[in-house]
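The structure appears right after this line, and notes come after that.
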Amino acid sequence: METIQLDVLKISGAILLIATFGVIARRGFMDWLNAYRLQSVVLAVVTTIIGYVTGIWEIYIAAALTLVIKSLVIPKVLTHVTKSLEIESKTDANPYLSLRTSIIVSAFLVAMSYFLSQQIPFKSDPVVSVFLPVSMAQFFLGLFALVNRRTALSQVVGLLVIENGLFLFTLVLTHGVSLIIEVGIFADILVGIVISSILLFRMSRTFDSLDVDKLENLRDD
Amino acid sequence: MIENLILFQIVVSLFLGGAILGLISRNSRFARPMIFIPSMIGSIFTIIFSVDVIMAKPLSWIIPNMLPFFNLEIFVDGISAFFMLMIGIVSFAVSLYSLGYSKEYETKKRISFFGFLFNTFILSMILVAGTNNGFFFLMFWELMSLTSFFLVIYDHDKEENVKSGMTYLVMTHFGTAFIFISFLLGYLQTGSFSFDSFRTSSPSFPHLIKDLIFVSAFVGFGTKAGIVPLHTWLPKAHPSAPSNVSALMSAVMIKMGIYGIIRTVFDFAGFGASPDYSWWGILMVIAGSASALIGILYAVVERDIKRTLAFSSIENIGIIILGLGLSIVFASYHLHALSILALVASMYHAINHAFFKGLLFMGAGSVVYATHTKDIEKLGGLVKQMPWTSMLFLIGAVSIAGLPPFNGFVSEWLGLQAILSSSQIPSTILQISIAFASLPFALTIGLAAATFVRLFAMTFLSKTRSMHILHIREVPRNMIAGMAILASVCILFGIVPFLGISLLSTAFHLTSQPTSPFDAITLKNNGTTSFANLSMPVVAIMLSAVALAVFGFIRVIGGKTTKTIYGTWDCGFGKLTERMEYTATSLSQPIRVVFKSLFKSHNEINTEFFVQTNPYLVKTMKFNSTTKNIFEENLYTPITSSTLFILDKIRKIQTGKINSYLLYIMLTIILLLIFVRLSHV
Amino acid sequence: MNSLSSNLIVVFLLLTPLVGGILVTFFRKKRIIEIVTISSASLVLIQVFFILSIIINEKTLSAFGNAFYIDSFGAVILLPISIVGFVSVLYSKNYMGRQYHIGLVDDRHIVRYYQGLSIFLLSMLVVPITNNLGVMWVTVEATTLISVLLIMLYFKENAIEAAWKYLIIATVGLSFALIGTVFFYYANITAGSSEDAMNWTGMVHNSKLFDPSLVKIAFVFILVGYGTKAGLAPMHTWLPDAHSEAPTPVSALLSGVLLNCALYGIIRFHIVSSGTLGPAFSNQLLIILGVVSIGIAAASIYFQKDMKRMLAYSSVEHMGIVSLGIGFGGLFGIYGAILQIINHAIAKPLMFFASGTVSQKYETKVMSKIKGIIQVMPITGALFLIGGFALVGMPPFNIFLSEFLVLSSGFQSGQFLVTIIVISFLVITFAVFLRHLIKMTFGNPVTEMKKDDMGKLAIVPMAILASLVIIFGFYIPEQLQTLVHNASSIINGGSMT
Amino acid sequence: MSNSLEIVIGVIQVLVLMALSPLMTGIMRKTKARTQKRMGASIFQPYYDMAKLMRKDEVVSDQSSWIFRCTPWVNFVAIGTAAFFIPVFLSHSPFGLVGDLLLIVGLFGLARFFTMLAGLDTSSTFGGIGSSREMMISTLLEPALFLAIFVVALTYGGTNLSTIIETASNSSLLPHPQLIFAAIAMFVIILGETGRLPFGNHATHLELTMVHEAMVLEYSGKSLALIEWSQSIKQIMLFALIANIFVPWGISSSISVSTLGFGLVTFIIKISAFAVFVAFLESSIAKWRLFRVPDLIAVAIASSLVGLVLYYL
């Protein structure tokens, strides 16, 4: 393929990565959600690009789904949930690592995911070679967010970021051939979000806080 | 061949039947006969079966396809049959005894389950002796432990019983792990768990493997046998169990450990007659003499009648192991005759111990049955109320003290001769060290006598030390009958050693066979002169002859005189009360002082004065003397506490923080990825 | 077996619990609901036995083209699902009934509970019979979600906490599994496979052509992913919480069956990766995780205060043993591992049921407050002991055989040090586990209680399981032997010595 | 033919021992009296005492049981039977085929066992003291005795006494240095077994010094006579043992009147000399504290161990 496409791919990949970093860097739930929404939009765009590049029509569907579900439905649901539980601790109490450190760590993670994807034979498929590391990075960053953050809400968002990474990953490697599975994953995630929002609701009822530090009754020491 | 297969099946089915009958008896009035009659008949058939095997042919029987990979192989040769005979005789006596003894469980409504366990326990021991496959051996072995565990904690309303049962279970499982390892090593060499393959190919094992197999088996079976320092479960479990059970356990079950050791050494570990293997024997000699001495030293200061017996079991096991070790040493130096002598000594002591220890535990059981106390400080004077029990107990005590003309003497005589013969080992260092090993052995014999004088005297003689046992009665007839059987066997094996020795030499296929009951056990020097002789029948005759003679003589000289019954000489002080008698503790006090380093005995005296300033008018004086078990303190406690410390550190990872949990996952994946990158598999 | 009938078999198998779940939603009467669910569960049991008989005769059964594919290994997993499913439903009647009577749950909960149970059963049934690994992943994820719902059935604080941890950790873990799956798929594609690239059969078929380095990475992801769900340490952290806080029948299902499903996933991929790299690679990883699991379980059991938590840790231990057995490999190892899966699936629910009854009787799960079970509830106490001794691998109960096989294979494969370590761990586990057990079973109850075994329906399921535990101790039917043997030959890559 | 003759002689030997035993006691008492500047009773006094006791009525403690009553008989029977195995003036005896040194030890043990029981049976505190002390001393003596026997048996090729004595009488004392140590050990043991000073003191009845006397304190009449007699038989047996093993001169190895007569005479001389020696020793030392006794026994053990090592090296 000609170089413009490749550059476009690269650039979009970079933007996506930046968006992800944005999610990591932001504080406070609402900022998070916006960052996530932004990321999802970028993701949708990327998906369409990939669809264009590979010329497989299912991918457009996937892109559409992404746009609808992730950048509209899920944020709606979450905002609704947070609205309904009138508690002030929507801004994240300070995470375990300071912003500086967490940025450094996430840089390491990105490096790792690039290193990891080095070991995989691509058969010179530009889509894979560009987006595999990006998706892995997204994945690990989401995981890191989960490890690092203290409130349940932010963990949900971390989960969502992970899911984005997964989505991209599957898309890139499978070229959307197995749409059933894509759909299945979507469905799972949706249900997961619903359940977690129910849980959030209950949690705020019983513990009147969404601090996961409150969830330490079950331990062994 | 066929007929002894049928016999074996009869045995198994009888005990199974007893177990099931026990369960369905539902504590009814007929529960006891329903339980113990089958076990008695089963025991009789066991005796018949084992004798048949010893005299005629070994039995081998295979049931395939019950489980994948493993067939249930039964193989009963002379050695197994010898131990089965032991089981049969003892369990017959004990079952008879239990008919009366277990009445109290009937009242407690627990008899039916007891019967189930009792029968299963005996059956499992028989099967352990008869199994020929590693897997099933372990299965029956553990079944034996499990049933005996439940029997030990049978009075589970008492907290300490459950505790000691727990100790027993854990220790024996620890032992089983070692046995398992030794089987695994054999499996590694042969690719099969069948004992036949072990037998056939064990001589070609590499030497290191042989040593490993031996050591792990020795530790494993030694735990069951109660070799110091793996003995700690024994003095806990035996007192907790009902006395008929402790009789079975102490008389027979711990012998299964001996059986395992014999099997391993002579069958699986590929023992070869070369000095390379002599260290096995040395190890056993050391372990044996240590067990003997330490066991009896704890026995002599013990207050609990059953725990005393338990400690003395440790002692006797030590003696048995010592004999085995000697026989191995001799064999490794090609001294065939001597190794036979040592083996006979050890096995003879094994079967003797089965008899008199069973007898003694049943006697102790009768005492507990009558008085409901195990503390000899509270007993005494029972000889008047329980003449039969005391008589039989005395026979047991004299036999276990190794005094002629009872069976204990014969086996210890043989043992001592075996030690003396160590002078023929062509290695000075071994000669001297074994000679030194005789020192603890002799000391043990002395202490054993002391222990049982003390036990018998404190339990049965002089004034009773507590009022509540004044009005007790002799135990029921069938209990006495049960004890009488074993007592008579003790005397028989003492006066006619020919029985035991010829039995042994047929069972173990030993070359030298005694021919007639009356010719003496003779050990010859390499020259013609006789090294030592013993002919117990003649000794018995001489004893009775002398008795008659002296009786007649005294009568002739002294003529008729009268006996006056009068109070004991009290220095004109007044009535002697039971509080002035010598107590068990004070009786053994000199020994406690001599060996104080072992007991860590700690005395405290607190005195009250009438006038605090005046130290001459003493109102009350309390003396309290305690001895500790140094093994628990210096060996077991540190091990357990350090283990728990480590465990405590490990389990701290369950912090309750979800973040840390997620972090674990993240780290795991990263580490594994690095690991994969680095390792080139 | 022609395709139509096999399709029908699968359809019926999957429809039965689904219909049951739907019916439950319609008539909302407790009585009827219970009957419906029990009957559907028993139907499932019967069908599974039917399928097993087919598998024993003709090895495999595939339906809807190749979408569903049952071989001996799948069947071996199917068996415990159906059995445990049945007994759990049976037990639920009594258990939930009592919760209902003391007012812990109301009708809405009952309905939700039984719906959840049926769907849970359904989703677990799909796992071993589907051929498409993607679908397998989806269903495993689905089990997570449903079981979360079941755990947070009644909103106690601890239940919510457990559910949350379970949800987050399991989802994250499974996302790893998805990555692994996709990697394998990609490997299959790059190996030039055609349309059924996601199918296990396809993967195994051309696993020889896969790219080794890719497969290595992929398997690590699979191991961590499904390992999280299977409760292999150190990803097991959610397990004690979830299993201890769920309603007892659900705990039984989670611990006895769900873990197996996750392990099933790992083993499937293990087969593929052995096809590519030879067994050595995945074996060492499995051994590592196995040993760590056993060790951590041994350490944690001693300090437990909560009965069900202790049982959960013992599940971690047994999963460790299974993965150890697979890792050791060889006939004994794999056979032992599969047998261990079945045996554990029988013994653990027994233990959970017993503990459930006990905790209902004593109104606590705190072990220090429970004493003298054998006096208060003789039958339950006896069953409790049987289960406990089975779990610590005491003969003549079933788990002894499987552990024996696994450890033997350890020596066979030359892993002496590992085996010795594991044996010592097992001894420790034995001691600490039984310590709790004996303390609870014997002694005298703290407060005076009337002697009562909590009703027949509490006893029957336990009795069924206990009899299985004892029988499998010294007799395994021929058919099951052949089945397990075939399954282990599948795992060993077709070749079985 | 000769065999039955031998049996007859064996029986005669036993009778000789039994007859001579009180004499030894008498000789020792006399010697002690003389060393203490007393006249002392005649050396035949023990015979008179015994005859008197036999005719006396008994007083039996009301606490005691059949154990107490049968103990004197058991004592005598055990020790009397043991006497059959001791060569007195004929080196080999047919009874050598029946039992050996270890059997003798065993029979002594039997006697002691019952004596201790009897001491405790009367519920008298003296009995308790006696039994408890006897318990300790005998226990500690056991290994010493066995080691001494060990050395002798190895040197002379057997525990069979006939073998021992024959070999001994054919060899001189000189080539066996280990025997000297064995002899020392044996001597200490004999002091202990017979309850002589410094272990115990026959002369007094103070609870500080009594060991054996304390156990038999309750006995009177026939029983006392039996006990005293069997004690003295035991004593003379031990003397005979040490004399014939370590100083085997003059013991006859063939059955002819002259040699046998010579043997008998030398035997009497030997043991009387030994008795006098022991008596002298006894009157020259004091009773030791009970807990110093183990030191003495340790000396015995040590010396026989040295003997053992000497034998092997």
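For reference, chains read A, B, C and D in written order, and residue numbers begin at 1 within each chain.
Note that in this section a residue touches a chain if its C-beta (ideal position, glycine included) is under 8 Å from a C-beta of that chain, and two chains touch if they have at least 3 such contacts.
If you're wondering where the values come from, they're calculated on a predicted model, not measured in any experiment.
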Chain pair showing more contacts of the two, B-C and A-C: B-C
Innermost chain, taking as reference the mean of every protein Cα atom displayed: B
Distance between the centres, which are taken as Cα means, of subunit C and subunit B, whole angstrom: 44
Distance between chain centroids, defined by C-alpha means - subunit A, subunit C (Å): 31
Chain centre separation in whole Å, for subunit D relative to subunit A (CA means): 101
Mean-CA-position distance for subunit B and subunit A (Å): 70
Where subunit A touches two or more other chains, by residue: 116, 119, 143, 146, 155, 212, 215, 217-218, 220
Contacts with 2+ other chains: residues of subunit B: 651, 654, 658, 662, 665, 673
Sequence positions of subunit C contacting 2 or more other chains: 164-165, 168, 172, 217, 240, 300, 303
Overall pattern in which the protein chains touch one another (line/ring/star/complete/other): other
Complete list of chain pairs which touch one another: A-B, A-C, B-C, B-D
Residues of subunit D that touch subunit B when the two form their complex: 51, 54-67, 73, 76-78, 80-81, 84, 96-100, 102-103, 106-107, 109-110, 112-113, 116-117, 120-129, 131-133, 135-136, 138-143, 145-147, 150, 153-154, 157-160, 162-163, 166-167, 217-218, 221-222, 225-226, 290-291, 294, 301, 305, 308-309, 312-313
Complex contacts: residues of subunit B adjacent to subunit C: 65-69, 135, 138-140, 142-143, 146, 153, 156-157, 159, 162, 165-166, 169-170, 173-174, 177, 180-181, 184-185, 187-188, 193, 643-644, 646-648, 650-651, 653-654, 658, 661-662, 664-665, 668-669, 672-673, 676, 679, 681
Subunit A - residues contacting subunit B, complex: 96, 112, 116, 119, 140, 143-144, 146-150, 155, 212-213, 215-221
List of subunit C residues in touch with subunit B within their complex: 164-165, 168-169, 172-173, 176, 216-217, 220-221, 223-224, 228, 234-235, 237-238, 240, 277, 280-281, 284-285, 295-296, 298-300, 302-303, 332, 335, 374, 389, 394-396, 400-401, 404-405, 407-408, 411-412, 419-420, 423-424, 426-428, 430-432, 434-435, 438-439, 442-444, 474-476, 478, 481, 484-485
Touching residues on subunit A, where the partner in the complex is subunit C: 116, 119-121, 123, 139, 143, 146, 152, 155, 159, 162-163, 166, 169-170, 173-174, 177-178, 180-181, 184-185, 187-188, 191-192, 195-196, 198-199, 202-203, 205-207, 212, 215, 217-218, 220
